[in-house]
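The same chain A turns up in both complexes below, where it pairs with chain B and then with chain C.
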Partner chain A sequence: MSNNFAPGDSVKVRQTHPPGHRRTPYYIRGKVGQIERVCGDFPNPEELAYGFDGLPKKTLYRVRFRQKDVWENYSGAETDTVDVDIYEHWLLPA
Partner chain B sequence: MAEERGAHEHNHDHDHDLTFQPNIEDSEPGLYELMTYAIRELLIEKDHLTPEELRLAQEKVESLERSDGSKVIAKAWSDPDYKQRLLDDGNAALAELGIDAGAAKMTVVENTEKVQNVVVCTLCSCYPRAVLGMPPDWYRSKSYRSRVVIEPREVLKEFGTVLPEGKTVRVHDSLADLRYLVIPQRPEGTDDWNEEQLAAIVTRDTMVGVTNPSVS
Partner chain C sequence: MADKEDPRRGYHDIGGKDFGRIDPEVTEMKPWERLSTAISNALGAAGRHIYVTDESRRAREQMGEPLYSDLDYYERSTESMKMIFVEKGLFTEKELDERMKLIAERMAEIRN
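This part shows the complex of A and B:
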């Protein structure tokens, strides 16, 4: 499976609210961050949750967000970050 | 009050009003708990699993201990090459010590002078059980899960960990298939310690990143 993103790429998390078992938390939807690393391909947990085989596998990324970009009134340091593991189908180029 | 409680003879079989230990089975089971019981019973009834197999699996999970994690960190502190392997490929480096991290991708992050790493699972309670055993109650609490991602410095303060302004806090939200292990900073004054001595100061909470090891 080819990776659509590489470390350092800017990505935007889809701002969407599909029903069902989703592994992308609400607080990070719509936010822009950078790919920190490509974690590999895994069976899609959003399908596995319902007894499907989760195939084809989906590429998982670790995405790093600046806390200041995630929370409007973040009180910590400029350099503080939150890393979230997100599947490719949740990411758009930014 | 305490004196009054202790004042009478302690030869009766009693509860003082109420004990402080909540009885976990006192509340009515919720819908999902009932569904879990139903599925359990069906699996047994249809001969997919025996009660003994279920019990054994539960016992195995609950008997995993954080001491494995402490050994891993002590080795990483003592052997820079091993630390690098751990950072590069957590699962392979853990396997060297006979630890099977399973299908989850073990992602090891290192605390430094400049960076403090903190682990959370905001959705549930994903936790590196293979190396740390069962997560503590606070890790599963809604309060920790919702707050540490928004105000990590304040939450760490409540754990007694005050971070200097200039230090970067990296929160790791472990949501899908990654599991995180933090390599804490090796404290000063431990240069001549062996791995066993080092492992003794690597407590569970230091490997989640809410506190740092110290030499008392």
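This part shows the complex of A and C:
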């Protein structure tokens, strides 16, 4: 499985709302962050949720977002971040 | 923070909604909660592999908001497990109801 993204790359989370079991939280959809690390390849939980084998595996990334980019009127420190584990099929180059 | 209601957002997907302060109190598991967790582990991915965590999560998202809101953590996990087993044909709702009735009767006899 080839990794389309490397640590430091900017990515945008897909702003989409398909029905079914989805692993990307609502609050992070459409936001831009940076790849913090490649976590590895795992069976796709969005398929496992329906009794399928989840293959081929999907690459999971840890993506780091600035809190002020995630929340409107964020009042914490400029440097505050939030890390979210997101599968590759939810990410676009940014 | 302001969260415009979006019907496409799942009722379980509450990250960032304002529910006030989190109560950090640690509570003891009740005996039935331990038993339910043990059954879940024995039949789940680490045991017989009859179902996986992702299926159980999907069931929580499928049981409907009224039931989901009504149940606590362990009730949700037990209900989810039941939904998946009925879906997979391990038993029917009717068989489960009959069995629960039988056990309730037996327990009543023991108490008397």
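As a working rule, the second predicted complex is superposed on the first by the 94 of 94 C-alpha atoms of A that agree within 3 Å, B and C clash if a C-alpha of one lies under 4 Å from a C-alpha of the other, contacts with A are read in each partner's own complex, and residues count from 1 in each chain.
Note that in this section a residue touches a chain if its C-beta (ideal position, glycine included) is under 8 Å from a C-beta of that chain, and two chains touch if they have at least 3 such contacts.
Quick caveat: nothing in here was measured; it's all calculated off a predicted structure.
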item: Room on chain A for both chain B and chain C (clash or fit); value: clash
item: Touched partner set for A:D80, first chain B, second chain C, both or neither; value: first
item: First, second, both or neither for A:L91, with chain B first and chain C second; value: neither
item: First (chain B), second (chain C), both or neither touched by A:V11; value: neither
item: Which superposed partner A:L60 touches (first chain B, second chain C, both, neither); value: first
item: Partner chain(s) touched by A:C39 [first = chain B, second = chain C, both, neither]; value: first
item: Which of chain B and chain C A:W71 touches, first, second, both or neither; value: both
item: Per-residue contact with chain A, leading partner among chain C and chain B; value: B
item: Which of chain B and chain C A:Y27 touches, first, second, both or neither; value: both
item: Chain A positions touched by chain B in one structure and by chain C in the second; value: 25, 27-28, 45, 71, 74
item: Chain C - residues contacting chain A, complex; value: 1-2, 6, 8-10, 13, 15-16, 52, 54-55, 57-58, 61, 88
item: Chain B residues within the chain A interface of the complex; value: 105, 107, 122-123, 149-154, 165-178
item: Contact set on chain A toward chain B in their complex; value: 23-25, 27-28, 39-40, 42, 45, 60, 62, 67, 71, 74-77, 79-87
item: Of chain A, residues touching chain C in the complex; value: 17, 20-22, 25-28, 45-46, 48-51, 54, 70-74
